[in-house]
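Listed after this line are the structures, all set down as structure tokens.
Okay, so chain A shows up in both of these, paired with chain B first and chain C after.
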Partner chain A sequence: MAPAKGHFSILYFAAAATFTGRSSEELPAPVKARSLFAQLEDRYPGITAKVLSSCAVTMNLEYIDIDGDDAPQWDLVIQEGDEVAIIPPVSSG
Partner chain B sequence: MATTEPVTYTPDLPPSPVSRTTPTIHVELTPHSLNSISATTFVRSPSAGATVLFIGTTRDTFNNLPVSSLAYTSYTALAIATLYLIAESVLSKHELTKIAIIHKLGECPIGEESILIAVSSPHRQAAWKAGEEALEETKKRAEIWKLERFEGGEGIWRANRDGAVGVRVGEDEKKGVEEKNDV
Partner chain C sequence: MAPISIIESLRQQITSCEAQLEDLRRQLAEAEHYQQQRREQDGLRQTTSAFLDPLTHDMSYGIHDDFRSEVFAALSQVEDDSPSRKWPLDRTEYKRYGRQLIMPEIGLQGQLRLKHASVLVIGVGGLGCPAAAYLAGAGVGTLGLADGDVVEESNLHRQILHSTSRIGMTKVDSARVALNSLNPNVKFIAHSRLSPESAISTIQKYDLVLDCTDTPASRYLISDACVLLGKPLVSASALRTDGQLMVLNNPPQPPGDTRGGPCYRCVFPKPPPAESVVSCGDGGILGPVVGVMGVLQALEAIKVLARQTKSGFNNSTPPVAEPPTLLIFSAYANPIFRSIRLRTRKPKCAACSAQASVTHAALNSGSLDYVQFCGSISPINALASNERISVENYAKIRLDVNPFTGMEPSKDSHILVDVREKVQFDLCSLEGSVNIPFSVVTTTPAIGSNGAGNGDQDEEGRDWVSELKRHPEKPIFVVCRLGNDSQLSVKKMKQLGLDHGGQRWIGDIRGGLNAWRENVESDFPDY
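On to the complex of A and B.
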């Protein structure tokens, strides 16, 4: 389901879903990808240290690198309608 | 903070199997019980002299703690794409005839199959190696998560890369967790 106008979808899996108490939600767009973790910390205090620090992030099914000043996607902007996901360490098998 | 998974947690999962299939590759995520015969039937070929089948089943303990039940969840759209990339890469690298990777989602009773990997190749050595590599890559990369529920306790999201205790959300940072592979 596409997010509402002016919003993007964010999906939470495993420990991220546990911490936020939900599997997805919609947040206002556009927003700089590098400010995503700070925004999530505001909504869910403590999530950075306990969950996000070990997580990867995808946007529209591609991994993005927003960690650090020289990250390749430092200027990436999350746009309306995008699908972002928080990916904790995986455990299949 | 009540952030530990309640016993009643039910993972989001697709109601029917999701798969991607070509003449030589089959990858699938399914809420149904796994069928190893269908995996080996898919990879069987007159040009292949060897078929290797790996069946992963769920254990009843983790570090000697009794596990009462398990459930798998996934980012299905991404996990299918990742499984396909793994299958394609292993197929080409080991010159396989065919490959199938199938993973269970949702509740998986102890002792039942959670993953099947079947590969076929003209000769046995490539099939053995390819089967192992496909499994290791899947465990490392596929966007699938295992929730282990311990007897009398809460659930813990495992992390393959930790190989130790996994992440119990709501508890302080794990100390001294070594980075090692859990195989």
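On to the complex of A and C.
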């Protein structure tokens, strides 16, 4: 289950899975957490506005805050083997 | 058409009312039977008859007769002078809650805390029904129920407090009937749909809140009000096969106190774009998915209430709380649950930080526009009137002889494109229609654009375009479920050049299959 060498795994939940058409994939590591959205936008045009802008992002089951240049994890680097998750808010019930 | 549907509707209403009446009669009978039983039991105790089964003669109830009468005398005495009662719970409560009372997590003190607690369940649907059922079952003293909807048939596969006989009844009333027969010891309070104006005054009276609603706007409103009032909030949601659960504002310290738990805005500061928000009606929901989330809400509420020693935020030491987590449920993933560790309150949170802009005054004055904050989608009106056709006129093209040309109706004279997703198309469709799902239409790149992804995928995604181009003379009618996606699809098809520079007519069928069923073919399935 561990991602291939030089990669991290990324999980897509709810609307993120619908938009990307997949529940997970592996992307090259290392990568700065704050450039993750730009990278995803390249792969899935339109995903930032439609999904990512309102999402929670986690790394290794921990919420990370990369919103704004004074965000606590602005300098965080996603390393090989890490597990990142894109979690859009689900609002229905 | 119209008179028939009125008659049909009246028939249905009569059937529904008769079923409700039947249900009430049954409940009355049950209640009378129960009362009768109680009387008989009490009577039995007083007479303590020794002429029943010889084997039980001496030891019925496991106690010797002599003792037994004493015990019963003592018990009835306890009942009589209830103010100076010996036991903190009623006799029936020990019995009813016995299985949870003997657990160290609850115990007598926990049960008493539940009994003295009041919980507001906002939304009595897929989440609220199971949550309220378990809270009532566990003996929460007061349960508030807030909802503005009535029970519909399409609710019943997941909203377990409602029943077929109560279709048309308000959800709050229906839930009260069910909950009251589950546990008559609980006090139920009915509320209408929560609004920004009523949020503070409604939530104020409760110790803890369950957010079981279904829109982003209500989630922010409830979270804000809970932060301002110092109420812990158990928030859950579900759609399709996914669910989320958080215990927020726990401990419920005042805004600016970093020891307090994060609020909904800390986790999701920005609402999702309105056009991307999908309801259970449009996106679908599996009953057990939303059920499991509602059951977990009840569990978290019981954990908070049974443990809590003080409430409100006027005490100097905050009550101990578990570290905040976001529980993700994904029914078809492995593992099925993931627990995300959340951060503490966000330093710049608009609601719970020292810099909060959400205040009592702002909320009460109505200056916080939650609908605007979350955006709203007005009904789509993307096409000109000559790009649209009513269902009645489309029916003529399909079914009637053309009054001018005398031509037989023909399904071959045009192309009918149904843009619902395949799974819906497979449920029911108009004869001769071709399925090109909206998700395929919208993601098909325009010619010459360098879309991302590999070339094969682009080719595959464009198959339908070349297919439609093979019959350049036939007009294209586009239909969907409600008439929104069909309009956007018409626009996209024109962008893709399928109208041959305006030579071919492409338009949408106004109101979609919903309108088709209402005005043309009444037995077309309504799902």
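Quick note on the criterion: the second predicted complex is superposed on the first by the 89 of 93 C-alpha atoms of A that agree within 3 Å, B and C clash if a C-alpha of one lies under 4 Å from a C-alpha of the other, contacts with A are read in each partner's own complex, and residues count from 1 in each chain.
Heads up, the rule we're going with is that a residue touches a chain if its C-beta (ideal position, glycine included) is under 8 Å from a C-beta of that chain, and two chains touch if they have at least 3 such contacts.
Because the structure is a prediction, the values reported are computed rather than measured.
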Combined model on chain A: chain C and chain B, fit or clash: clash
Contacts of A:I87 with chain B and chain C, given as first, second, both or neither: both
Which superposed partner A:A33 touches (first chain B, second chain C, both, neither): neither
First, second, both or neither for A:T58, with chain B first and chain C second: both
Partner touching more residues of chain A, whether chain B or chain C: C
Touched partner set for A:P72, first chain B, second chain C, both or neither: second
Partner chain in contact with A:A15 - chain B first, chain C second, else both or neither: both
Contacts of A:R43 with chain B and chain C, given as first, second, both or neither: second
9-17, 63-71 or 207-215: stretch of chain C that collides with chain B: 207-215
Footprint overlap on chain A, comparing chain B with chain C: 13-15, 23, 49-51, 54, 58, 61, 85, 87-93
Of chain B, residues touching chain A in the complex: 1, 3-5, 12, 56, 72-75, 77-78, 81, 103, 114-115, 135, 138-147, 157-162, 166-167, 169-170, 173
Contact set on chain A toward chain C in their complex: 13-15, 23, 42-45, 49-51, 53-54, 56, 58, 61-63, 65, 67, 72, 85, 87-93
Residue ranges of chain C in contact with chain A within the complex: 123, 125-128, 212-216, 219, 236-240, 242-244, 267-273, 276-280, 283, 285, 290, 293, 326, 328, 330, 333, 338-343, 346, 451-453
Contacting residues of chain A [partner chain B, same complex]: 11, 13-15, 18-19, 21, 23, 46, 49-51, 54, 58, 61, 85, 87-93
